[in-house]
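What follows is a set of structures for review.
Two complexes follow with chain A in common, the first pairing it with chain B and the second with chain C.
Up next is the complex of A and B:
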């Protein structure tokens, strides 16, 4: 580490103003602060000083995603060998198969996304933002394993340029960039992200629980399989155990909002029970509500994407409303619109759009309540002297 | 004003070329967006639509400008609509007679040229206060600039969404997944949101070229 520090200090002057390579200042700065905690601290204004800066916060999320990614890799291999009827594989060879399938997607997602981020920072003379570290990790986890790599590249480029950079970069985006990438693929190349040909590597077909669900309970896998994640699906979304591990880390470090996660679960269950009580019409309506939490991307989306601090609601009350509506609408879309089996993606993007509105009304209600209180006190004070 | 102004005077040329640059009706004034989303899936209807709007805007401006001193101010919108509607019906009939297929593709949007904000905008803002010839030039310029944006959007939408241009195949059949290749048409390009995104990108490019448009 010391050698690295000394090397950086040695080459630093040429990147400073007036130096030979001052044009590439932002690129250098990006690498330096990625490797070491920056020395600069905020000097003025009232700030909470904390050693955890944006890059470290992002690292926590990346760490929380690791269980999902590792399990996802193993599950890719497991589903493949299960379909192939090959039972001779060991844990390691199963994982290796999935690893080799998933790694190119991760590499492409990071290479394209970071390339664009660096280019934009360079052109604008900004410092490089680290938001993409998380986005680049989530994008592979919400794609089917059979997705062609050029589509991943295109979707990532779309998400970073249209979803983030034109709004001003990290922290200014309206929608979650990773979900925007998935939505891009979903609308541009629907055959590569839905149906039953894309979820298992190398041409085997296997439907996800979501696409079987409209037919009713009988076609769904066992609850334990769905909980542990031994089902076909997007790479990182299948195992609820891995997602819970990630959620625990996010909640423990305070990076993700537990309010959004819990109210989301509550929303999904509430609407699920409501449909159970109403019944009829649609056999999807009568499946047990907790199935909705186990199927598809709802759990993954609630934990890792609905809690995105930039695009979710900012006020504390707003978070409850935002989370609840997210969970509730996912179930509504799943049950009533068979054309969009994965409601979670569209709902989170929709709720991202409404998050500022929710915040606006929460703040307005707060102002009104306090104004009324002041008015009430003033009235009481007037009455007291007259006694 | 005894001296006759030449047709290609500097002022008249400017009237025609300004809409292509810093007073573009679509990318700067953001008018006529609805039809830009609807008729740009393919290049051919976009070209026809651009031509129709150019003709209607030009002649409507010219005619209203001739009548400008006799139209009572209070009912001017009705008079304008009568003129525009007659021209649109003319265009519609001509399209039906000579390019029936395109006319069917454009369906209601030919009729809806009446409500195109660019036409009313040019009549209200320019033709009512200017002579017929400059009004004609201004109308034609604005219509053509609208058509230009339509053609740019439709070019990308047809190329990326269908792999063709004006119906001719550009992306070879053998590239497609069906034929053993890797390529796939971008389905989103056929949907209206793609036109909105493309328009946004055109505005972005336009503003980075012409720095005068960027607000401080």
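Up next is the complex of A and C:
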């Protein structure tokens, strides 16, 4: 590694201010800090610092997404061969089929997103933010497999520029960038993200459980298929097992908030049971509440997107409220709005919008407690006259 | 039975090089310094010249805006140098000790001890007033104020923990006297926070103060945490605090009448050959300790603890406040793909490293920043290490926006840097929390005066 280090030290000066390649300073810095933890030492405050940094944190999230990605690749192949009636495929050939379908989407998402990030970092004179490592992975996982690559590129560019960079980059954005990418496709090219044609590769059609759900229980796949993920759907969202694995890692490392995940599930179940109890003309209202967790993108959204620390509620009390409302509203939209078979995407974006409001009231309560303390003391002083 | 407060949030950072409970006499120092930078927000006015003879306790500079507050020479000798920085800012007054080492003496009468005003006046004149630190802001107290209470912390929980009971061993009477003096300065109570896990400590027998026992992780020993849980600082409140060793020194002064800047510090950290306690005189030069330190690699010399202390360099002078000198390796080294490696030897409060597997292991941490500065991203990280009902990120954002009202509403009066030091340590985004807080405090002082 010394050779590499020596090489970097040699070319470094030309990237610094005044150097020939100073236009690419951020890019160089990005690659250098990717290869080597910089030798920067603490200058103020604490002399020692925790080993964790944003690269590490984001790597954990990417790692948590890997089961969903691998299973998604396999499922793309599985769904394809199932529709084609081909039963001769091995595990490997099934995976390979999906791998070749999904890989280009991942590559396009990363290439476009990171390209824009690098450009913005350079113009602003910032270091490159690691946030897109996660976004770039989530975008492919919430797209249908038949999405054209140019659309992935366009959606990613929209998400990164309009969703993030205009606010100032990672940490400043209001909405989850990956969901914005999906929302962009949803509204701009609706036929490519809903309907029956897009979920299974190479022209075979198959409806997702969500689009069948309004017709009632009879049209839905077996619970075990939905749990293990052997159903059509966006690439990464189908297997609840893979999502649970990811959730376990996020919760264990403290990277994702268990409060949001837990209260989100509670919210979905609560509203689901409420609808069961009310009953009524809509047969969607009477499906068992836990089906909502197994169908569509709710589980994936709750674990990987509603927990995005930047766009979700940031106070602990706020997280309970935010999570609960997310879960509850997803079920409400699914059941009452047939125009949007999947509520998770729009609900999380909506709740992202309201997260600062929730936090505002939580912080206001803290301010009130502090103010009341003064009032309480003033009252005490009046009762006991000081000598 | 004293009240016990259990601090549930916080973090103990276990480092190599804790001081053994052995007291040695420090090697003689060839120079001593008084540094205005040790005192937050001070504008000094010099009152000695190079070559002047001073006694231990002779003023060398005073506070420009409160001229009564004097800062005195720790030893007797001659003023060797007056070092200035940019724009002639006074950096340090260096005193070369002489063999005579004469100390200033004052007459302490019972009449004096019965008058609050006379006690305060003498403390200012004799150079003891800078011991009194006020909340809000963590600056030297205004002698004209009447604090609602006075807090003394008798336990230390910061990394490379110092045993305060050991520092005060044999000084219990002076400590009691100091507490008695403090109780004259407030109409409220003097609160003494002690270690709940050290029931045998002689400090438990101290009278004239309300004793509260604390247990839990760092920052359970921070006086700010004690104040927050016992008698929080509201808008308009003034609370005074004093370091436990300073209380004993104050008691010693009011018993003997002789100025003395002696104190005990722990020389600790992984670069110290034999970490232990030393009796020193405040302001001694780091050079005196040269032979006790392992010079095999770049080293950082910190007056104070590793979270809040000052980087004084190998030729620097030991600061006015604080009970230890921490010496740790510098971290100016590259590490190949460090962020992606398992890094078993690294410590992290987050579980993305493996230090949670070995909770009792001692770590040899260096000064590497371990990443680059970013915007706030991760949430609920600061809250886990701050045992106060305060939203630190919202407060820091209010400071960055210079929103005075909001800073006040969010509790800036209750905090000084050491209270948020752990937040800075654990921060994924490497935000300079302590520096931002001080900027906010400075702004408050400016706007509120």
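Keep this in mind: the second predicted complex is superposed on the first by the 365 of 387 C-alpha atoms of A that agree within 3 Å, B and C clash if a C-alpha of one lies under 4 Å from a C-alpha of the other, contacts with A are read in each partner's own complex, and residues count from 1 in each chain.
Everything below uses one rule, namely that a residue touches a chain if its C-beta (ideal position, glycine included) is under 8 Å from a C-beta of that chain, and two chains touch if they have at least 3 such contacts.
As the structure is a computational prediction, the values presented were derived from the model and not from experiment.
Novice: When the two structures are laid over each other on chain A, do chain B and chain C clash or fit?
Specialist: fit
Novice: Taking the superposition on A as described, I'd like to know which of chain B and chain C A:230 touches: first, second, both or neither.
Specialist: In the superposition, A:230 contacts neither chain B nor chain C.
Novice: Scan A:116 for contacts with chain B and chain C and give back first, second, both or neither.
Specialist: A:116: touches no partner chain.
Novice: For the superposed three-chain arrangement, provide the angle chain B-chain A-chain C between C-alpha centres, rounded in steps of 10 degrees.
Specialist: Value: 100 degrees, nearest 10.
Novice: After lining up the shared chain so the two structures overlap, which partner does A:150 touch, if you call chain B first and chain C second: first, second, both or neither?
Specialist: Only chain B is touched by A:150; chain C is not.
Novice: Could you look at A:170 and tell me whether it touches chain B, chain C, both or neither (first, second, both, neither)?
Specialist: In the superposed model, A:170 contacts chain C only, not chain B.
Novice: With both structures placed on chain A, which of the two partners, chain B or chain C, ends up touching more residues of chain A?
Specialist: Touched residues of chain A are more numerous for C.
Novice: In the superposed arrangement, does A:60 touch chain B (first), chain C (second), both or neither?
Specialist: A:60: touches chain C, not chain B.
Novice: Quick check for you: in the superposed arrangement, does A:187 touch first (chain B), second (chain C), both or neither?
Specialist: First partner only.
Novice: Working from the superposed arrangement, determine the closest approach of chain B to chain C, counting only CA atoms, in whole Å.
Specialist: Taking the overlay as described at the top, chain B lies 14 Å from chain C at its nearest C-alpha.
Novice: In their complex, what parts of chain A are in touch with chain C?
Specialist: Of all residues in chain A, those touching chain C are 1, 4-5, 33-57, 59-60, 127, 129-131, 168-172, 252-255, 257, 309-310, 312, 314-316, 363, 366-367, 369-371, 373-374, 377, 386.
Novice: Going by the contact rule set out above, which residues of chain B touch chain A in the complex?
Specialist: Those residues of chain B that touch chain A are 182, 184, 186-189, 191, 193, 197, 200, 204.
Novice: In their complex, what parts of chain C are in touch with chain A?
Specialist: Going by the criterion above, the answer is residues 13, 15, 159, 187, 232, 234-236, 300, 302, 306-309, 311, 326, 328, 330-340, 343, 346-353, 355, 365-380, 383, 389-391, 393-394, 409-411, 417, 421, 424-430, 432-435.
Novice: Mind pulling up the chain A residues that touch chain B in the complex?
Specialist: Residues in contact with chain B: 148, 150-151, 162, 166, 184, 187-192.
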